[in-house]
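Order as written gives the chain letters A, B, C and D; numbering starts at 1 within each chain.
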Amino acid sequence: MALDKTGIAKRIAQELRDGWYVNLGIGIPTLVANYIPEGIEVEFQSENGVLGMGPFPFDGEEDADLINAGKQTITVLKGAAFFDSAMSFSMIRGQHVQLTVLGAMEVSQNGDIANWKIPGKMVKGMGGAMDLVASAENIIVAMMHSNREGESKILKKCTLPLTGVGCVKKVVTELAVLEIRDNKFYLIERAPGVSVEEIISKTEGDLVVPDFVPEMVL
Amino acid sequence: MNKVVNNVEEALVGIEDGMTLMLGGFGLCGIPENSIAQLVKLGVKDLTCISNNAGVDDFGLGLLLHGHQIKKMISSYVGENAEFERQMLSGELIVDLIPQGSLAERCRAGGAGIPAFFTPAGYGTEVAEGKEVREFNGKPHILEMALSADFAIVKAWKGDTEGNLIFKATARNFNPMMAMAGKITIAEVEELVPAGELDPNDIHTPGIFVQRIFKGEKFEKRIEQRTVRIKN
Amino acid sequence: MNKVVNNVEEALVGIEDGMTLMLGGFGLCGIPENSIAQLVKLGVKDLTCISNNAGVDDFGLGLLLHGHQIKKMISSYVGENAEFERQMLSGELIVDLIPQGSLAERCRAGGAGIPAFFTPAGYGTEVAEGKEVREFNGKPHILEMALSADFAIVKAWKGDTEGNLIFKATARNFNPMMAMAGKITIAEVEELVPAGELDPNDIHTPGIFVQRIFKGEKFEKRIEQRTVRIKN
Amino acid sequence: MALDKTGIAKRIAQELRDGWYVNLGIGIPTLVANYIPEGIEVEFQSENGVLGMGPFPFDGEEDADLINAGKQTITVLKGAAFFDSAMSFSMIRGQHVQLTVLGAMEVSQNGDIANWKIPGKMVKGMGGAMDLVASAENIIVAMMHSNREGESKILKKCTLPLTGVGCVKKVVTELAVLEIRDNKFYLIERAPGVSVEEIISKTEGDLVVPDFVPEMVL
């Protein structure tokens, strides 16, 4: 069965390693913080200027001056630090953040990503995404395999304006975990109960399928 | 060296049609709301506004958009504002969208006398169009130019009579860099204290960058995405 | 995420002959004196040291110069050190002198992922030799490259177990930028406190830049130019 | 009579204007802080990271962590701020400092200055001087008119390695106040009792002398 958003977040959380600083994008990526594997410590950076983000505040304890990059009210953990936007992107551009998780509208097999603009229709802006994808050594994209019309978003070539080129190395969708190498998608894992055939049929880009594709263990 | 002005009216003297303004804040967090209200009142037009976001429909820079006071926006993310999207798609509003890190660094550069710098952000995208590309350490970078403004308007938590500023939590965001990059920088603060009350070690924006400072009359501090968890 | 090490011996593990080190401090103010003493003890050689100054003859980096442990110095001002001058004029020591502001900005750039930037400092002088010159706003600027180091060694006043640092007064100087630019950054602090004891608003160097932290055993804090006035 | 160092500092102090931020170099320039004209407020920036420098500390009250760019122990006034070296030079390079006063070994009539190196003999380094002279809109050089061998340091062309080009606009020596315009030195004032002839004889660079040269009022 295809994963829900929570499932995608849980699977991505398995990629976390002890001691990492992690930047989570808006949407599904934000949920990753809820599923940190036991025994490891990671610290969350939000590009609007905080390191050491904690859970959402209790009702009535919100502070308008303390938000994340999705403009949601948050709290901080012990040992947190606040800083300005230039410092924040120094961390990102300077590769001090070990993992970036973000959403996408399209990903292509050479690692390009598009997630900020649909010409003539929607322009929200790139926010910090262009800095993140251009700088991060380790980017995981959390996204749905297809759009609402059922068209694959895992493509040979992106059709939308790009956010970054050749930067994505791993994609986690409701159906599969894909790695990008040598200009191809490699099928690494499939969601529990999802067939290899379904993944093949919903992937427009070149997909390399090994003889045995393990199911995700969530 | 008297930087203290009595109110927002005095603080904004000299802002005219067609000027370039920088306004601090991320979303509605840390925006100079008293000054924005005064800009609405003044009715200055054809402004170029440099601000990470454009407010929401009925607060923040959304108020200036509503009155068609803004000719051009330089921002990184504008996704919370229907009127903005309408004006942009209809061509009424000129919009220059740039990566958030580049925006922050370009403001800092403007204040720091660095006319241009290389960054990897935006390479291979629309953002790089017309910009010089150069490889460093095997990786392509684009040349980005400094930004500056006729007036920078920032919001701080505490300020002293010398113009020293301290920001609170994530309300800091773009305020310190913009404070550096204004020909004239105006700070509205929640708390204005005599020189000597702030620990010199704790200052975020040294007073040298601030020309005018005043205590804001009222801070609504609207929350854009109130997100809470329920107590068990 | 355990960044705390027990002592200077553990802190400096991995520093080898021929490496590039950044060392914070301005004159003898804010230098990582415990770490420097340990470098002397380790006897590592052929070091490239990036530091604004080179200490005095018998303290600070002067101790490493004395033992001929330094192959190359990248500094802005070295005028308090006779042995330095001797080694430089005799050719034993390679010296790259660069403007202080460019040194600070190049370290910051190294930590901030900015590979290069333009600055007016040094245009028309020896410093500009071999560097690209470009005019911005009618004024010539030179292109300066980022600096980084195998290890950055900084000294802070207070630090917590997450690596967050607070510096005191003018002992801050180059420490924050160098902390950003080390592949591995080591912080020696006067006071090491549990996470949560430092106000997140007051942090100068966020812990993300610091890989190892320890409480220095002893801080002599030698004063280079004791200058006083007499009480009437 | 030629001025002493104090006299030079006093004359330069007359150039201060209310509300200015001022950077004073090592040596004579440091003394300027002692002669701020009454009724004006200026704030002193030291490039090692302090704004709002006060007088030297009383004996026994020195703090090793609080020094100026000359490595002297100092105090700070109310409203001071500490910052790092990158921020400090952002102030300088970004032209937020209204006046820079520094010493020189040589100055030439096109505004070049040399003050950091004597090839083969002395190399102390430029410290912050190159950033200061390249950035400041308003630079006053405090220096002696001649070197110990009696040779003029006010030259047609500098002989020593330069610190900056075409940046000096005003020079105050023990003999005179000179302004640099149109590739010439203009004699603006002479020290009390110093003759125009003496100044002419000790100035190697092209010197424009008006009919009447007022004496400095100190």
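Following the convention adopted for this analysis, a contact is a pair of C-beta atoms (placed from the backbone, for glycine too) under 8 Å apart; a residue touches a chain by one contact, two chains touch by 3 or more.
These numbers come from a predicted model, not from an experiment.
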Chain whose average C-alpha position is farthest from chain C's own: A
Rounded Å distance, chain A centre to chain D centre (Cα mean): 55
Centroid spacing, where centroids are CA-atom means, of chain A and chain B in whole angstrom: 28
Separation of chain A from chain C, taking each centre as the mean of its C-alpha atoms, in whole Å: 36
For chain B paired with chain C, centre-to-centre distance based on mean C-alpha positions, whole Å: 32
Residue list for chain A, restricted to those that touch at least two other chains: 50, 76, 82-83, 86, 89, 92-93, 135
Overlap residues in chain C, where contacts from two or more other chains coincide: 105, 108, 112-114, 119-120, 167-169, 200-201
Those chain pairs that satisfy the touch definition: A-B, A-C, B-C, B-D, C-D
Chain A contact footprint on chain C (complex, rising order): 1, 108, 110-114, 160-162, 164, 180, 194-196, 200-201, 203, 206-209
Residue numbers on chain A that touch chain B, as the complex places them: 46-50, 55-74, 76, 82-86, 88-89, 92-93, 112, 117, 120, 122-131, 134-135, 161-166
Parts of chain A lying in touch with chain C, wherever the complex brings them together: 18-19, 21, 41-43, 45, 50-52, 76-83, 86-87, 89-97, 135
Complex contacts: residues of chain B adjacent to chain C: 105, 109, 112-120, 134, 136-137, 141, 166-169, 200-202
Chain C to chain D touching residues, read off their complex: 26-30, 52, 75-80, 85, 88-89, 95, 97-105, 107-108, 119-127, 157, 167-177, 204, 221-231
